[in-house]
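Next up, some structures in structure tokens.
Look for chain A in each of the two complexes below; its partner is chain B in the first and chain C in the second.
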Partner chain A sequence: MHFTIQRDAFVHSVQHVNKAVSSRTTIPILTGIKIEATNYGVTLTGSDSDISIETFIPASDGEKEYVTIKEEGSIVLQARFFAEIVKKLPGEEIEVAVQDQFATTLRSGSVVFNLNGLDPEEYPRLPQLDEDNHFQMPQNLLKDMVRQTVFAVSTQETRPVLTGVNLEGEESELICTATDSHRLAMRKASVETKTGAMSLSNVVIPGKSLNELNKVLEDSTELVDIIVTESQVLFKFENLLFFSRLLDGKYPVTKNMIPDHAKTELVLRTKELLSSLERALLLSREAKNNVINLKTMNNSEIEVSSVSAEVGKVTEKISCDTMEGEELRISFNGKNIMDALKVIDSETIKIRFTGAMSPFTVQPTDHDQMLHLFSPVRTY
Partner chain B sequence: MKWTEMEVEQPTVMTMLRQAVKKDRLSHAYIFEGMHGSRKEEAALLMAQSIFCARQTEGRPCESCVECKRIAHGNHPDVMFLHPDGDSIKKAQVEALQKEFTYKGMEAGTKVYLVHQADTMTASAGNSLLKFLEEPASPTMAVLLTENAHFLLPTIQSRAQRISFAPPLLSTRTAYFQEQGMSPASAGLLARLPDETLANYEEESKEWIVQGRALVIQLISEVQQRPQQALLTLQEKWLVHFKDRKELDIGLDLLLFWYRDLLSVQKAGGEFAYPDQMQKLESQALSITEQEIAASMQFILDAKRRLRANVNNQLLMEQLVLHLQEGS
Partner chain C sequence: MDTSPIRKIIHIDMDAFYASIEQRDRPELRGKPVVVGGSPHSRGVVATCSYEARPFGIHSAMASHEAYKRCPQAVFVRGNMQKYREVSKGIMDIFYEITDLVEPLSLDEAYLDVTENKLGYPSATYVAREIKKRIKEKTGLNASAGVSYNKFLAKIASDYDKPDGLTVVTPEKAPAFIRELPIGDFRGVGKSTKEKFLEMGVHTGSDLLSWSEEDLVRIFHKRGHTFYNNSRGIDEREVNPYRERKSMGRETTLPHNISEYEDMLPIVKDLLQQVLSRLQADRIRVKCVVLKVKFYDFKQITRRTTLDDPTDDQEVLLAALGEQLEHIASLGREVRLLGVTTSDFHGAGDAAGGRGKVYKTTRYEQLRLF
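Up next is the complex of A and B:
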């Protein structure tokens, strides 16, 4: 392999790929970055076996020439050193050449680095993509969907499948669900499919991977291609591919958990409730249970209170926009509600209770693309 | 070709594995049991290779394709290894392994994990492996490598197919050590010791083992004839020579060989670890019953087990010597 490449483009790519490389891997080859040169350009791959990032630098993009390929080939170089070296090279261009036994020379300006590479044959292969389950959505929508669901995934390993976000798709509607069995966050969106009908079920993407993906996503309306394969999911950007492995196991069916009737319905301003919960949690945080009590009052007001045996108690009254249905006293985990309120961008929310001992839902009032479900806490 | 090499060394095992791969009748879990030097690690790798190898013939891997190479170098993402962290395999390690297995395979298909020195698993680690061993979410195969399958939890033993590796032939090993320039007497002892204990002593081992051997003989005769002296010798010589836990383990092995020899003398047969001490062995064999020998051997084995449980070296040896005196 032998090529020269523009330093800036190369550094940028290497940094992207380096995000996926972990120093704590058990597989020795994954400490490296794979570099592959073809006549079309240079491909870089980094992976920690859970996520893999692949970037592509085209030989030229019409205006500018980035890479001059002298000989095709590939090599794996230690990421820790390689990323640092590339960043600190002085010249505008970098020349990369591989000799026998995977010995690699990096040349830039008057600097020469000789690195010992690894056999590229040993690098894990990324999955073959079939275009069956292939759809598109704007980057900012995907970013929102990730933000609005991933906070609800379970952090406990007892049920591993709950540490991920479940994707389900029918026709052109995509549903993301995350739950830790105490709360559930669901977000719907319509997407553009490439093949017409899309049918996804039980595609569970680890929450950790989505957090990484969020770092790559930009706030633009540019489209992302999403391709789901047997064992991995691919997010395809221009010149960057983000792979994540999927979680194994059956995701619980969440559809019939969501109650379709309500005994008590409240409409509230999001900000008001959020800040009142924050205040109430100041005390219950001490007791570490985050329990908040909510009581409906007569004049369409609710009372939010929290008691901590050692510290004291707090009560606050909030007036609702509307209140319908039966009277109610309920206790719940305030921290969970706060997490949800933080990701709801709407001004007002609708809370639907089905009784003091059964789950309740929180939804924005201006659209029905989002739903949060919580189970109450028993306090006696 | 390693496979063919292994077939010469472990014919039964390798044929069994080959047939299982060929007929696609692999068990979900195996226990590979065998002495150090029985090359069970290599057999486990070869088996993993033949599962993944695209060009395997009759259950034998090609050992030259990408898959085979990656497995041999530990670079295959779907073949995982678990080594003891320090002295034992901890629960956290098993949990990390399980976490890895909650993901779907990197390259789809079966996933394989090899647990080295599985007998060092702590009880809680073993228990958390258990459930996972029995009900993996995806097609998986576990290989537990151990020198002593009895140290594994009985519940694990019953859930895996046990494959016993034949110990390397004593005569071949003795010949090997003699070639290395050992005297016949110490070569015989070395050949009986497990491989790994010797790994660190390669250079100094000659002198060391000869001295150790002399100490064993001295200690035994003192246990027999001058009981008061034995504890002194222990303090002055034995514990100075067999300093740390590993060395003491070898010392106990040497002691064990002596009693095994005694038994052989009584039963008139077998190969001797101390062939030049026939006179002593014979005279002692006359004054001791078979039950007493068995009891003594049990004491030594107990001591070996306690050694692993971090018992103080000196106390351990003193107790052992007292036990041996009572028994004889």
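Up next is the complex of A and C:
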């Protein structure tokens, strides 16, 4: 293998695939990045067997020449060193050449690195996915959906299926759900399908994969193709493929957890509640429980308070835009509510309570594409 | 004679617990011999191994390098106790959905008294099946269950058909079941007791039945009563949900043998700190601290110091351990393992010396959505 490549394009690609490489893997070859040069361009692959990322740098895209191929071939180089090295090389071009025994030379300007490579034949092949179940959505919408749900996945290993975000799709509506059994975040969107009707059910993508995907997603309306199979999901970009393993196990049915009635309903400003909770959490964080108390008052006000036995107490009144229904005193994990408020982009929210010991919902007032559900904290 | 109705006891034992969790979370390990524990190149031991590793003769507490010798293709994994503790917590929660009479024995093992249970099922077999199902659904892991009318038989039953077993020993079946039982499977029969029994010509439960209670007590002292009763299917021990931890300890096998006081003290200090951080989290003070030493020839000794007042002060405890350690060092023998154990627990600020945790006045419980 022998080629010269534009440094910037190469660094950009290497950094993308490097996101999938993990230093703690049981398969030694996966600590490397695979580089494959053909007359069409250069393909890079990184994987930790849960996530795999493949990028392609075309020889040229009509406007610009990126790669000059002198000899086709492939090699695997240790990601730890390779990713750092290409970033620090001085020239505008990098020359990569493989000799005998996988010995590889990287040359840029007057710098020469000789690296010991690994046998590319040992590198596992990425799965070929059956593209039956296939839909498309704009990158920025996908980025929003991930951001607005993934924070709510469980970090506990007790129930592995809860460490992922569940995708359900019917007709042209996609529903993403994440829950750790104390709080739940749900986001809907309509998407385009190639075949007309999409049917997704119990497709659970690990939260970790989605956090990595979000770093690849750009704030553009360009479409991304999403292909779902039994055990894998593939996000297909113009010159990048992002594969993730799906989680085994049955995702809980969450539809009927969402209450269809309310005993107390508040409408208030998102930012006002958020900063009030931030203040109250200053004390409950100290008590390590994040417990916040909320009490309805007369004249459409609520009182937010928090107590720490060692430090002291805080109370604050907030006036609501509207308040309907019964009086209420309730306690909850303020950190969980804050996490949700931070991803709600609307100016006002509606909170629907169903009693002091029952779940309550937080929703934006200007659309019904998003819902957050919380279980309260019992104090005794 | 006890005239109360027959009890229904379930013993649940998770199958290859740590190894199964690793296989669950790392699909590439499934179907392979997996050994959780010390590295094969260290002097550590096997904590658990997967069922695929067992045909090679690997078992818990075996030296890791021995396990490696028997099965070099096994995947050796450093355990993640934090994760195992979380999974265990989830499983224990399932037990409490069934009954409050739960006696956890370790992270992966517990007795449940389901004579009365929250499911309202009269059949303990049905309850055991339900527990196994809930564990499988929630954690994806297999458990083996033993169902019987006392703890002794329930525990033996859970081991009878591992993995993923469910064995029921009814009062009718018990005598035949016990007669067949190898003597090594009886409660309290370890390696040396087993040898003694074999010398006496006792190989199975059936052989044990021919011995009188007096003779067994003469030979085995207090344990003789247990052997006598157990061989007749009698075990009156109750499932004790309040069983508290009575001691807390840590030990470590050294990478290589040492004999100098100056080399041993930092290791003892480190072990003590680990123990103290657990104790302090539970606001427990201790009156007794024990130093354990295993020499190069695997002979081991323990040295105990009892303090006048309960304490969680590292300086006080380290002073006591340091004194013991000086004695050990003066022997000039090579040491391969050091351990620190504390016992005789007291609640913090509790002059009367009461036991257990001290709780704050207001308690919180995060409710669940499902």
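Keep this in mind: the second predicted complex is superposed on the first by the 331 of 380 C-alpha atoms of A that agree within 3 Å, B and C clash if a C-alpha of one lies under 4 Å from a C-alpha of the other, contacts with A are read in each partner's own complex, and residues count from 1 in each chain.
Keep this in mind: a contact is a pair of C-beta atoms (placed from the backbone, for glycine too) under 8 Å apart; a residue touches a chain by one contact, two chains touch by 3 or more.
Since we're looking at a predicted model, the values are computed, not measured.
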Three-chain arrangement built on chain A, chain B and chain C clash or fit: clash
Touched partner set for A:257, first chain B, second chain C, both or neither: second
First, second, both or neither for A:357, with chain B first and chain C second: second
First, second, both or neither for A:125, with chain B first and chain C second: first
Touching partner for A:289 - first (chain B), second (chain C), both, neither: second
Which superposed partner A:64 touches (first chain B, second chain C, both, neither): neither
Touched partner set for A:248, first chain B, second chain C, both or neither: both
Partner chain in contact with A:215 - chain B first, chain C second, else both or neither: neither
Residues of chain A touched, compared between chain B and chain C (which is higher): C
Touched partner set for A:183, first chain B, second chain C, both or neither: second
Which of chain B and chain C A:160 touches, first, second, both or neither: both
Steric overlap of chain C with chain B in the superposed model, located at which of 2-10, 20-28 or 308-316: 20-28
Residues of chain A contacting chain B in one complex and chain C in the other: 26-27, 49, 157, 160, 245, 248-249
Residue ranges of chain A in contact with chain C within the complex: 26-27, 49, 156-160, 179, 181-184, 245, 248-250, 252, 254, 257, 289, 291, 307, 309, 331, 333, 357, 359, 373-380
Chain C residues within the chain A interface of the complex: 21, 24-29, 75, 83, 86-87, 89-90, 137-140, 360-370
Partner chain A, residues of chain B touching it in the complex: 66, 69-70, 73-77, 80-81, 95, 98-99, 101-108, 137-138
Chain B contact footprint on chain A (complex, rising order): 26-30, 49-50, 119, 121-125, 127, 157, 160-161, 163, 206, 230-232, 245-249
